[in-house]
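Next come the structures, one after another.
Each of the two complexes below includes chain A, the first together with chain B, the second together with chain C.
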Partner chain A sequence: MYSTASSRKKEKAERTVGGVPSPAAPRQYTRLQKFWKDNREGWMFVLPLVIGLGVFTVYPMFQSLIWSFFNYTGDTYFYPVGLNNYISILTKDPYFWQVFGNTCYYVFVSVPIVLVSGYLLACLVNLPYKSIGFFRVVFYLPCVIPGIVSGILWGDMFSTNGVFNKLLALFGCHSDFFQSGNSFVAISSIFLMNLWSIGGGMILWLSAFKAIPAQLYEAAQIDGAGRFARFWHITIPQSAPMIFFNIVTMLIGTFQYNGTLVFASNNGEGYRNAMNMFAVYIYNQAFRASKWGYASALSWLLLIFVGIVTGIMFWLRSRIMKED
Partner chain B sequence: MKHILRIFTIVLTVLMLCAAVVGCDYRRPNTDDEGGGLQADYEIDFNLPVSTKATISVIIPDNDNERKIINSVIAGFQEKYPNVTVETNFLTIDSYEQTVTKQYSADVLADVIWCNSQNYYFLVSNGYALNLDNFTEDAEAANLFNYEEDFSTEFKGMGLFNDVRYAVPRSIDSVICFYNKEILSAAGVDMSIVQNGWTWEDMLTVCAKVRQYYDGKGQDTYFPLDSNLTWESVAYPVIKSLGGEVLNEDGEFALTEEASKDIVAFVQNLVTKRYIPSSNEQTSSFESGTGALLFQSTSIDNYQTRALLKDKFDVVSFPLINGENSYSGMGFAGYALNSHLKDDADQLNVAAAFLAYLMSYDGQQRVADEGGLTLPSIRADLSVDNPEANWHKKYSATFNVEAYTWGAQYKTREEFLDNTKAIFTSSLISAMNKYVGSYAVREPNNAYKYFKEEVEYVFDSVVS
Partner chain C sequence: MDGTTIKNVNAANLFNKRKKTNELIFRICMHVLMAVIGIILIFPYFFMVMKSLMSTEEVTGAELVIIPASPQFSNYLKMLTDEGYFAAFGNTMFVIIFNLIAVPLSATFIAFGFARCNFWGKNALFAFMLSTMMLPGVITQIPLYGLYSSLGWLNTLLPLTIPNLTGGGAIYIFLARSFLQSLPKEIDDAAKIDGAGSLRRYFFIGLPLCKPIIIYIMINVFNSNWGDYYGPLLWRVNDEFPSTLAYKVFYSLTNTDVGNDKINIRMAAGVFMSLFPAALFFIFQKQLIEGVTMDGLKG
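For the complex of A and B:
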């Protein structure tokens, strides 16, 4: 509560004796003053960041929220349409649900694959073998190759005469990979490509493993725990916070995946929208079709969806923690 | 703390809402308004004193060719106006839309904007390009040029939307056919048929010979023709030559199933005979010296300066698809003026003078000489018949430079776009390119259906 005029008068009277200020009475601060006194250095330090966030994140967010209620197409149209952008997306847009399905398929398959493979790889390179550093470097190396280069490289490897089709040809098979009109095939090719860069996740896991006290493993070993038991009862529980952090950040990041803009045909959509995902769709609606209002509404739908999924993750986590 | 946060959030929200709402200036759709830069309510004073002191800016793609071209224009312009500084900004073509949008919104976009036939409609539909009607009128009044007499027919058909000029092409980009002389010779092609005015059948005969040659060498993944069917400057002439049209005068989808059958059969003929690939199986390309034929509008210089192609190729006109009813494509690269300039008369005068210099005899000669641009000039008095014209001087003895200007009567731009709103143009072009270059190649039975669906979606997508 803020101090009212009467309460401040009362406080003042309490601090005076016969109208003379008591020298011993400490100065009383309002909550706001106290907050400022206690935190001003901190606020001054983070002020540039706060201003940056306000100008470059918060303001555009609100701006896009407002635009999402407008038909806004550059200089041509700008008039309010209420919720019609949202209604149009959900009920009329012939591509939206395909885009939504593609994104969900990509997120809910890609995240576990990358997470588990990165985790297992980190377990392997955490083993106390000689020259293990060499393998760490080798696995991490693809991460330093720019995305655009690896996109071109993988486009070549997945081409009709690329290395993968040559391997498949040994078994009498063939795949169009990125060029396929089938979303299942086209998006699955990205999973394969993503394995190329799991070294990035590996490093994070490795740092989490290094933070686990060695005494725990020693005690377990003395108690007769085998390798698997140590992994199951120590490594996994001890890295649980990191696992949760990685799952949440990866989910959020993967929902916004727009890598297909680099290597897929038709402005990142692939053949007949086979690889068209949420972020790519938003980008193309905004920057190629100049439908800023529509793209803003799509962005807010993505935000809501990511929010729901993240909320479910936190709920699941609290349930698991309760059960434990 | 809770209260502080609450108040902070409320204040911030109110501020943001106010800031956003203040910027609102409702522009409801107007059926008379075809979109685009609209405004022409400005006047240009071309009688600039030589001592004029100003700074203007030009934005171009970050490549050596364009840099050289613009530097030659700047050098010539500064000889006329030594106190004018011309700053050059750069962008990448891949992020053209994004860069232009951001800079225009922030009011930091250059005064003169480079564009080509692909992203030109983007400038028009968003109102970034100034309507140049008054520019032309005022320049004629100042005796800088006579629009009708001084410029080529091709020039007058490019850079327009709804018969209004929004950009000035710096050269004529006609689609022609580049061919690799070594491959054609090795394949035993009768070169007497490879002449300006050759037909599609002639070209198929050449393709058949080259196919045989490739097969004989076991080069299954080499294809004779780099057709560029996903490029509107090839896709639209194919549609039009075979009796099709994308939109009618009322702006409605106009391609009939009958015409589509012919178009799809035409493309499929190339696919089944393996003159073009059916998917991403091609490992040959004209640019790498392994492909025989290429439809392109670029300059001879572009390939003559590459070691793999130097002195190994020549050019010929685009093959006539359907006799006298044939069409060939045009594209362009040129410059537009920022529409914000109409509110700054002084800056507009200098930027317009710069553009007018580019169009002048001296400007065009410099672009070809110092700028190294070997594409035909936009000026009628610098045609291929003028031996003094710098653009062909260097190559006219060794190359068939007439290919660029041959058959002006067959050349067409995407005229159907005049029948619709500018906001739809980019999406319509994209749908058309996919139809000819992708659906007709891969799914001939569904190509028409997919194309129609996409065009209908483009029109339905305006939320009201």
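For the complex of A and C:
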């Protein structure tokens, strides 16, 4: 066996004489042995990853695909129903399209808000003042507060007798915020809450700015490019790879938003399903209603939808790249 | 002739002066703007601290109280003892300490393989790993519940810890790999020539060099585990579950048995929960704000 320590030493000694490969006795390996010898080190390092991906990602993925074709409720009796889960989700489910609409509204408004507000704030704290460091810390601070804590806090501030309603009462208004039965109002209050952690988007853009060479801006300024032209022709293209990556991960993350579990009534669904979104709906179908097969089909629909959106993003990127 | 030059000089001076005052006004405006935004962003936090110090009557009363008449510091004591938050804190610390060791170690270990070794299937595996970042996590939830159920892991802290032995997420492996690749390869090659095996090279060269990225990973691991209520929510079956702090807060929030009069205790828990991430942030703000985050994506 060549793999034991002593034989390996001997083999090394055989092969090299004073640093020069000796032609005398080149060790003969079968192809398989050589293949194993070349690869075993690398394989050893990635073995945990392979196990992890296999057990915690690939297996569950296919298991859920299989379950999505079954009427499975978590007990031992289950029977195949073909595509019926999918069909009934798309045609019969009374909540699905509302959930879908809520999720789309949340995702496609929330992500641009984060990007735009983060950009504006980043421009502000990119000014060359001494006090900037302090403001950066203040702006970023709300982001380090755990989501559950901000959920409690905003749930209280948005309550019927909370701060915001006292403020609105000065103008003779009242809003139900999270308790609203209107999806538009309820989900828009989430945007208001998310504005609190605007610092996250700020950091994103700041690190993008940092990667752009200053000469580009100087040259553009000499050529007479205005603020907007510099943003459009330098900042955007230069930070495009990073911003693109962040948009894609942000989209995927936002599609699975389950923060409503903390502050919305009815197990995160909100009053009259106003805040019912995909992730929470899947959770409630799977773990409260025990409809595992149905929930698996839902999660595959989510995967397909996220895949389509990601695909569109990549397509848009290649289109824009081509134009440059 | 003379008169016009003087006039010109005067005009230039005036122009410079005006530019300077303009800049000053701009500067003041920007500072006022930043101060206003800062105050708006800090206010909710201030509000939370105040609410955590209120008595039950002040919390449940109809009119709005911003500053409590007499601060009730006993709320914090009540929170830490009566409500069993202390045990939950212990459980959270167990999970966090395990992950603080497991994630950086396994992530850099795997990343070392990607950065410094050549093996069959490397690029395919790496691409596959990255593509799992795009996979919505909800899709694995339900089968994992089944898996953990058959392993007997439900109602324990094992699902929150053991899976993290396998790298703790593609993003960490990706970051560690980019970081390792940005380091000069010469040290590694020198060690290789001196006869150091790959494990030895990892532990004595790769791992110490990875310190900045390890700090970054550790901060993120701490924050994500500290505030994680969803994991415990998934794997909990009944009250025997060793509840973590975040889950405890979540449970007290959603459970209808716990009335609205406990909002001050809950706020105290919220303040307590935000202390640790805030402290971490103040210590490591440079690493977090300037960020090694996306250095690997520049190219």
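Here are a few things to note about the model shown:
Here is the rule we go by: the second predicted complex is superposed on the first by the 267 of 324 C-alpha atoms of A that agree within 3 Å, B and C clash if a C-alpha of one lies under 4 Å from a C-alpha of the other, contacts with A are read in each partner's own complex, and residues count from 1 in each chain.
Here, a residue touches a chain if its C-beta (ideal position, glycine included) is under 8 Å from a C-beta of that chain, and two chains touch if they have at least 3 such contacts.
Bear in mind the structure is a predicted one, so any value in this text is a computation, not a measurement.
Per the definitions stated earlier, placing chain B and chain C onto a shared chain A by superposition produces a clash between them.
For chain A, the partner with contacts to more residues, out of chain B and chain C, is C. Contacts of A:Gly270 after superposition: neither chain B nor chain C is touched.
When the two complexes are overlaid on their common chain A, residue A:Lys92 makes contact with chain B while staying clear of chain C. In the superposition on chain A, contact is made by A:Phe35 with both chain B and chain C. Contacts of A:Gln179 after superposition on the shared chain: chain B is touched, whereas chain C is not. In the superposition on chain A, contact of A:Gly118 is made with neither chain B nor chain C. Shared-chain residue A:Thr73: touches chain B; no touch with chain C. In the superposed model, A:Asn161 lies in contact with both chain B and chain C. Contact with neither chain B nor chain C is seen for A:Gly201 once the two complexes are overlaid on the shared chain.
By the document's definition of touching, of the two partners only chain B reaches A:Arg288; chain C does not. Of the stretches 24-32, 96-104 or 204-212 listed for chain B, only 96-104 runs into chain C once the two complexes are overlaid on chain A.
Overlap of the chain B and chain C interfaces on chain A comprises residues 35, 59, 63, 74, 161, 267, 287. Across the interface of their complex, chain A is touched by residues 1, 3-4, 12-13, 16-17, 19-21, 24-29, 33, 35-37, 97-98, 101, 122, 125-128, 221, 277, 279-281, 283, 339, 421-423, 426-427, 430, 434, 438, 442-443, 450, 453, 457, 460-464 of chain B. If you check the complex, the residues on chain A that touch chain C are 35, 38-39, 41-46, 48-53, 55-57, 59-61, 63-64, 67, 74, 121, 124-125, 127, 129, 131, 135-142, 144-157, 161-163, 166, 196, 198-199, 203, 206-207, 210-211, 241-242, 245-246, 248-249, 252, 255-256, 258, 261-262, 267, 278-279, 282-283, 286-287, 292, 295-296, 299-300, 302-303, 306-307, 310. On chain C, the positions that touch chain A within their shared complex are 27, 30-31, 33-34, 37-38, 41-42, 44-45, 47-48, 51, 62, 64, 106, 109-110, 112-114, 117-120, 122, 125, 128-129, 132-147, 163, 165-167, 173, 198-199, 202, 223, 226-227, 229-230, 233-234, 246, 249-250, 253-254, 263, 266-267, 270, 273-274, 277-278, 280-282, 285, 288-291, 293-294, 297-299.
Residues of chain A touching chain B in their complex: 2, 31-32, 35, 54, 58-59, 62-63, 66, 70-71, 73-81, 84-85, 88, 92-95, 159-161, 176, 179, 181, 265-267, 271-272, 287-291, 293-294.
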